[in-house]
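Two complexes come next, and they have one chain in common, chain A, joined by chain B in the first and chain C in the second.
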Partner chain A sequence: MAKLVYLYGIIPKNDSYKEKLSTMKGLDDFHEIHTIPFQETEAVICHLDEVQYGEKELEKKTNDVKWVHEKAFHHHEILMKLYEEFPIIPMKFCTIYSGEESLAKKLDAHQENMIELLEFIKDKEEWIMKIYCDPSKVRENVSEQNTTIDQKRKEIGEMSPGRQYLEKRKLDQLIDQEADREKDSFASNIHEALASISLQNEVKKNWNKDVTGRTEEMCWNSVYMLKNTAVDDFLNHVKELQDKWEPSGWQIEVTGPWPSYHYAKIG
Partner chain B sequence: MSHRREFENKEVGLIDILDVVLDKGVAIKGDLILSIAGIDLVYLDLRVLISSVETLIESNQEAAEQLSSKRFDQEKEELNHVINGA
Partner chain C sequence: MAIEQSTGSSNLVDVLETVLDKGVVIAGDIRVGIADVELLSIKIRLIVASVDKAKEIGMDWWETDPYLNSQAALQEQDKLKEENEQLQKRLEKLEGKLSEDSRLP
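Coming up: the complex of A and B.
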């Protein structure tokens, strides 16, 4: 029976970890995780049964939230274990090849690029920052402190009740806009300060509350590639910013170091 | 002083994990099977994943809907008040 190949990541050629890996179970909780050598690199994989993990079956599985959560976490956990030991080019969740042969072709074609990437990430770390805020608190502050809004409010106070109603609605919209602007400008200032310490950085998409399941609103999400030697500086900076802004309801959260999902990608 | 210990490898939320392991490298394609240089590479459709994440919080959404209909009632009342009062 043909076996699919689930690829976790690519690590440099090395013999010292074989035993460690063989004790880990793969995505299906059955096949063992092992490596396949490709020239100067090794692919960390596990086999998957084609009947259970073929295209159609996989699609069904991904509609099951519980499955996605459990398996995405498994993927993450394995990657973190590998990352503790070696530089690694991490793959995205559910990178599956139709067989060892197709994996080999892909890896042969990218061998040079992979070696360069492994060299590049060796002395670097990837960190992620997310900023959360309490939207009603931001709105309240804007409503109290913005001079344009204050002026507008005074004008409305002198209008007839019917007119007041409409104008108040408009003012509410203005406050919303100003609050959004405030979130963005606050977060991008923080980002600029951290970005200046990084080699590379990227602003990512904000996830809405339905996905994060949090009451606070995510108003910034970005990733930084840092030299090892700059990490302390980066984190000190974060700590200062946290201490400074937490009392006003801004939560600056950093996670890392992550396997380099953003800066070690093969085409 | 180093704050590394305070931040490093602390517990991360599911959203932090999904945020990195799914990401947009996959999203742009949107197809279940990508053909890279003629080789079959099975990939998940990110939209499928996102939607499955979203179903998890369906209950949250229901709560949000209730909230918005409550808000609607409130606004209606305000409007009536203005019309009657004006």
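Coming up: the complex of A and C.
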């Protein structure tokens, strides 16, 4: 029976991969993960049954949250295991071809690009930084320390009770605005410092609390491409910043190294 | 160095935002549509939260005084219901937004 091909990523041609991969089961928990050589590279794949993973069946699966949760982590874990051993071009989750021939055609067209890319990423690491804060703490600090707000508060104190009520509400809004500004300027200062150590960086979307499931608010989310030799420097710097800012409620969290999800690009 | 562990939930977002949104795209032959990271994270958290809480409630029933704890469990259930409703509302809003977004002009 014809088999579909699930592509995890591309690694450089390597003789030691066979033992490393032999024990890993693929996306369907049945077919084994193995590689197919393409000139100077190897494609890491697993076969999938055409009936169970055809377009219609796959649509049912991808609508099942539990399935996506489990398999997205499977994809990520396999890439992490490979990444421990080789530089790897990671594919997006659920990249599936109708057969090996079709895959070969696609890869042939990008062969040169991939060799360059593997060369580019082999001595680099990708790290993600997220900054969280306690919004009420930031607000409190701003309210106490911001001179404009302090000035306003004094002015309000001298007004008639009726006006005081209105002006206090306005002041509350001002404090909110200043607190947002404070979060952004704090986080972008941290980012600038880390960006100066990195080769490339990208600011990503902040996720709200429903998504993160945390009580703190995410106020920065960014990714850095670092030279291997700069990683220690980067992490030491992060550690210093964490020690310095944690007491005031800022949580600076880094994760990595990740396979080059953000910086391996083709085409 | 391995990925530095933080809490489970932020790890979920980390993985989803990279695996689903990033990575190299060389168009595959099988078309796949997957919900966006925001929607998916909320749905996953909803499932995980329900299972965890249900387990907690179950344990109370079996292991301690049934009368007192069925009361406690009911309260828990109410809280859970309320939380689920809130998340459900948020989900519906997002799904509404999503189907508007994907509508052709």
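Convention: the second predicted complex is superposed on the first by the 250 of 267 C-alpha atoms of A that agree within 3 Å, B and C clash if a C-alpha of one lies under 4 Å from a C-alpha of the other, contacts with A are read in each partner's own complex, and residues count from 1 in each chain.
Note that in this section a contact is a pair of C-beta atoms (placed from the backbone, for glycine too) under 8 Å apart; a residue touches a chain by one contact, two chains touch by 3 or more.
Computed from a predicted model, the values in this text were never measured in an experiment.
Novice: Record, for the superposition on chain A, whether partners chain B and chain C clash or fit.
Specialist: Aligned on chain A, chain B and chain C clash with each other.
Novice: State whether A:F73 touches chain B only (first), chain C only (second), both chains, or neither.
Specialist: both
Novice: Check the residue A:K106 against both partner chains and state whether it touches chain B (first), chain C (second), both, or neither.
Specialist: both
Novice: Figure out whether A:I128 sits in contact with chain B (first) or chain C (second), or with both, or with neither.
Specialist: Both: A:I128 reaches chain B and chain C.
Novice: Quick check for you: in the superposed arrangement, does A:P161 touch first (chain B), second (chain C), both or neither?
Specialist: In the superposition, A:P161 touches chain B alone.
Novice: May I ask you to decide whether A:K227 touches chain B, chain C, both, or neither, giving the answer as first, second, both or neither?
Specialist: neither
Novice: Please work out whether A:D64 is in contact with chain B alone, chain C alone, both, or neither, and reply first, second, both or neither.
Specialist: Only chain B is touched by A:D64; chain C is not.
Novice: Identify the partner contact of A:I96: answer first if only chain B is touched, second if only chain C is, both if each is, neither if none is.
Specialist: In the superposition, A:I96 contacts both chain B and chain C.
Novice: Which partner does A:A264 reach: the first (chain B), the second (chain C), both, or neither?
Specialist: second
Novice: Go through the superposed model and pick first if A:T255 touches only chain B, second if only chain C, both, or neither.
Specialist: both
Novice: Return the residues of chain A at which the contacts from chain B and from chain C coincide.
Specialist: Overlap of chain B and chain C footprints on chain A: residues 4, 55, 58-59, 62, 65, 68-69, 72-73, 75-76, 80, 92-98, 102, 106, 128, 130, 204-205, 207, 210-213, 231, 254-258, 261-262, 265.
Novice: Could you please specify the touching residues of chain A with respect to chain C in the complex?
Specialist: 4, 7, 9, 53-55, 58-59, 62, 65-66, 68-69, 72-73, 75-76, 80, 89-98, 102, 106-107, 110, 128, 130, 204-205, 207, 210-214, 231, 253-258, 261-262, 264-266
Novice: Given the complex with chain B, which residues does chain A contribute to the contact?
Specialist: 4, 55, 58-59, 62-65, 68-69, 72-73, 75-76, 79-80, 92-98, 102, 105-106, 109, 128, 130, 160-162, 164-165, 204-205, 207, 209-213, 221, 231-232, 235-236, 238-239, 254-258, 261-262, 265, 267
Novice: Show which residues of chain C lie in contact with chain A when the two form their complex.
Specialist: 1, 3-4, 6-7, 9-20, 22-35, 37-38, 40-45, 47, 87, 90
Novice: Under the stated contact criterion, what part of chain B meets chain A in this complex?
Specialist: The contact residues of chain B facing chain A are 1-4, 6-10, 12-26, 32-33, 36-37, 39-45, 48-50, 52-57, 60-61, 78-79, 82-83, 85-86.
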